[in-house]
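Below: a set of structures, written as structure tokens.
Two complexes come next, and they have one chain in common, subunit A, joined by subunit B in the first and subunit C in the second.
== the complex of A and B ==
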């Protein structure tokens, strides 16, 4: 089969099975025609020349459902659209946050609030996909999310742990897209449980395990020879990855119970707090990109009541994370991102006391990794309806993160189907956000 | 706004919009309804729909096989939208009975496409190897154990007398529901005063636990409140989650990190969010977790019992292959396992079950 045929075969649209199957199939160990570098096409890790990076890794906190900007980090005190949520002064002169973030108010000097976010996607799946990949959701291809791009372009640091981990994730969050299956995020369903079953079961010696694996490989190889599909190849590939992870010296990184109680307490005992703590442990072990998802932000009804439940865990975990990273000297080269698919309508939906989807003007946060703290970037009008200054599109936002990581945003990588893609699509980095 | 076909737009204002919508949606005169449901049922059986994606059908959409599509629509009308009857016909067709097609290239809906089992199918398949009767899992004795487990913290803080009293109540609750109701009615009258204070305290604790996002405590308190007769408290029924019961008998979605979720069960925060992709945690679970704990370590597991009953190595090998892969072993496979089992029958049996459950062949539907 020629390379071109390989490429064409690989572009079949197959929706959900697409993600892991495709790339894994193409990159059978050592036998792929693409293993040799092609100009601009998929090559080995770290083959892309990087520019100077201010950040080496990312903790990406994703507020799933669409976080209300007015009730969190961009209050408009006095405006008719503000509703009952009060604003409080933070430790940065120009930055006020909502009353639900008393702890973060003491750490805003580390944070850049991007107030002029703008997306063109108003539905959750599409919006989450766009936020993560900078491309629109289509039936025919899956794009890699930022974490996959980072590992692909910059290469792994820790050879035994996956470079990309997703905690509490969903279908349209972190993804390896059309890249090899090793760039897929390792999903951690529950931070408290960490990575389960990573050690051989009791009573199974190394000898027994190896014997079992030998026979299993034989059976699976025979099956793959007969049914040589992308999905089957992806499973074979994933077995090898699981085995090498079992051998890692750094498995402790997944165990947050190793942290002193005071630290666990500081992050919070809820799944998001535990996820943030796990994220910090993982980046300490040179995992490059960790995403932690906090869901429930789709506050069409009872927005103001729900804020009282949604915000405190985030306030606690994010402030603990920033302080902890700072104290360990990690904030310097770790970028902390807080993102969401869209904001919520400034106009209050009075029937249900809620706010609806609003991609036109919303807020995200950046901190650490060279980002200038204590500032707001971009402006909206007095009631928060429109961006009036320095609009930042989703693609620009991702390009800014990529820029901090030293990833060339203009670099074109060719997908297995021969189409060119860029890390943040057409996004232009906002260099003004860097100190 | 686009008007619904077959419905006078003026009517919309006067009637309940939801009722009108459902009426329109299920009206057999609504042109797309039959296409949509027939297409989706075909996808369920064969793995690839005639119109893909199933949730994007437009006026000018043409099915991959228009003749088949219209046959299926006729069939759907003929069975009067009885999905069970419809699927029964699909499952007994020659097309469905054929060996599945591994590749989408040149696929013409002549047989099912090869798929990995859904998360629910994986779970249920595993369970049928563990439980003698998968539908007999929601028995009372388990509920007692579960109840004790759920109130473990409370029980710890009790003194001996209170503990014994509580235990007796639990036993009565499940062995004699009538007596329990009577007992509760009496005790409620006595305890009304004490209870209202306790309810206040619990409600207060519940609020705090919610704020912390401490779901375990939330569930515990919700259960305690229910025990006090306070119902309608928001909280998910997680108690049954650790049950070895059919996926359809468990709360959905299963909690984060559960076997079902590892294998791609939808989190249900978005539509159609289930998947059949490989990932590391699910394989680690097969390699070192579920298979070992629930099957190999349990002599009560039905597959293990069947193996013991089979006695002769040859019969054991057949049992394992039929049980796990629904086929008999090939001659070479039979030879290989015979050799191993002659060496160390106990370990050999375990190794064989472990290996078969980890094969691609088990996970993929041919």
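== the complex of A and C ==
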């Protein structure tokens, strides 16, 4: 095994976390046999009356570690803070990107660059948690992330697949929180391997398999009768949901090798590119929320050298994703989000040639799902130190995504301990970002 | 088991002691020991409230700090405010600071008040931001922006149309269909067949006849429908969005689309449509976007369509990145694609 492979393996969840995550993820499959024709709007899985939605699904690309805004999508050519990274013109008149995004320069007409992002969290764990949930990390409660809120509020679309999937380790931040475990994402450690162990083992015929499952039910029924609690039932249900997924004709959605070689190459052969391709396949099958993580953005040292390594796979995968979604007509109602916990200091840390954590003014991207492309939203000063116009807090950013999805941002739901929570906390949607 | 004695205790206290009166018992403590540091800067010569916490109004007390609420009604132990007044005397976090703290009975009054649900009675105190009268709702959305364009269109098209009954919708949905209003309250419907598309066929689509008038968005992508199914569509005058991607429909099926005068978006990705349909597509006057990748339209056919309808966005060959070894296509940078 090469070092690279070892590293890749190290990112994968252990067997135990995978299995428990699977249980939680699968638990959400097909739970509403009584779904009415209006189920998305009216049943408990989606008990919340939705607004008009311009987006039905989300691909959430998470740049873990804090992506440098100046070296990616918000360069400040000529400023003392810019460093050696050059800016290039994109196909949108007012938008320039860094030289590391030559492919994305041809697709910025689809993207809204939110340049005035502002967070109050300057540490990784806290910042990631805040970005995903709109709430600060606290010891006493775990908040649901946006993908869980969406599935809770709007209900499932494809009832044979999980509604929430996290690829490349997104499980650490994407979470069902205090919502039922079925809103947790199904974790996929490696996009290349897809969904593992979803077929009958070799040498086990259908007859034997059915007999085993029957026997299992008989044994479980007795136990379930004696200890009839939610937790016990959940484990039984997990088997049933897994069986329904095994039977789903949409299982192919998890297999990126089904894609033509030219498409696989367009997305790139690294884990992030493969993750984005898998995300597109899942979205195509109406999985509602897919997160793909790209880590390594914590460039305290050698920021400028590292950009040459970090950016190209994102440039490739993101431009392939946007072009591919667009050509399939899916970008109309699929929102693509590129988010990170904070930006990096405009001031260059000269000892290490790096940039440090900077939550005060940074950039995220939104595209598709009703978002106006080819524009920048918000302004920072000439060197990128402060937001000068149209500040967008983390909560506002999440509220904007929620607005696109038709989720009412003022709706309060109560946690098991009776505390009220909202999908984007106190965030107010920025409606101006929509076309 | 642990819960029982606590439950009994709370029942007992609830029964024996009258509820704490906020204005008579709690407010004097706040006024005497807390509000001096925890109030509106406007009433405190511009000084910001300590810890970002204001205790001078109901809204502010319940709002808590940047890190969350300080009062959890019914649960003193989860309430930061109670925690900070009940710490040991030598704890540096004890509130009020630089003192021996509140008296035992003051602490107990606040504990009971929270445990009983933190009822303020009629008291409001300093109003919430943006409020002049204390009783107006607290949500004040930024006035920026307008309704998305598509929503405006749906509002116009839905005018005067009556919604279908749940019974009718259920009938039209059949086993596999999913019918939803385009937004709550709208009589217009968005129809899709999201699960097990491979088992969805023409018969499923024909069930929609009963509410065809109201269908504004129809997604038949990846289903097994044939051209025949598209005959139903002639009964859908309000169709704005039609998704036929990855189906077996042909040029013959597209003939049924001619009457759709509101159609804005037509997805024909990966279908057997040929150049013969270019004219029919061009004839859809309100059409804004048509998706034609992986169809049998030739480049010449696509160019012809673009020539006929320069206002139409014809999505054909995507601008996908070239394989890694070839390096980025420098020539293409900055090129604008329709």
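By definition in this document, the second predicted complex is superposed on the first by the 355 of 435 C-alpha atoms of A that agree within 3 Å, B and C clash if a C-alpha of one lies under 4 Å from a C-alpha of the other, contacts with A are read in each partner's own complex, and residues count from 1 in each chain.
Everything below uses one rule, namely that a contact is a pair of C-beta atoms (placed from the backbone, for glycine too) under 8 Å apart; a residue touches a chain by one contact, two chains touch by 3 or more.
Since this is a predicted model, take the numbers as computed values, not measurements.
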* Asked: Does subunit B (first) or subunit C (second) touch A:349, or do both, or does neither?
  -> neither
* Contacts of A:431 with subunit B and subunit C, given as first, second, both or neither -> second
* After lining up the shared chain so the two structures overlap, which partner does A:250 touch, if you call subunit B first and subunit C second: first, second, both or neither? -> second
* Tell me which partner A:81 touches in the superposition: subunit B (first), subunit C (second), both or neither. => neither
* To do: Check whether A:90 is in contact with subunit B, with subunit C, with both or with neither, and answer first, second, both or neither.
  => second
* After superposition on the shared chain, which partner residues are touched by A:418: those of subunit B (first), subunit C (second), both, or neither? -> second
* Can A:309 be said to touch subunit B (first), subunit C (second), both, or neither? -> first
* Which of the two partners, first being subunit B and second being subunit C, lies in contact with A:269: first, second, both, or neither? -> both
* Asked: Residues on subunit A in contact with subunit B in one complex and with subunit C in the other?
  -> 268-269
* Hey, which residues of subunit A end up touching subunit B in the complex? -> 9, 12-17, 19-21, 24, 64-65, 124-125, 139, 162, 168, 170-172, 181, 184, 186-190, 193, 195-202, 204, 208, 211-212, 215-216, 219-220, 223-224, 226-229, 231-232, 234-239, 241-243, 245-246, 268-273, 295, 308-309, 312-313
* Asked: Which of the residues in subunit A come into contact with subunit C in the complex?
  -> 36-41, 49-54, 88-91, 102-103, 105-107, 109, 120, 135-136, 138, 140, 157-160, 248-250, 262-263, 265-266, 268-269, 284, 286, 316, 319-320, 323-324, 326-329, 332, 370, 406, 410, 417-419, 428-435
* Asked: Inside the complex, what are the residues of subunit C that reach subunit A?
  -> 66-69, 72-75, 78, 139, 141-142, 144-151, 154, 166, 169-170, 172-173, 177-184, 186, 192, 194-196, 198-199, 222, 241, 243, 245, 265, 267, 269, 289, 291, 293, 315-324, 328, 330, 332-337
* **subunit A partner contacts - residues on subunit B that touch it in the complex** => 52-53, 56, 102-105, 114-116, 210-215, 255-258, 261-262, 266-267, 269-271, 273-281, 283-285, 287-289, 292-293, 296, 336, 347, 351, 354-355, 358-361, 363-364, 366
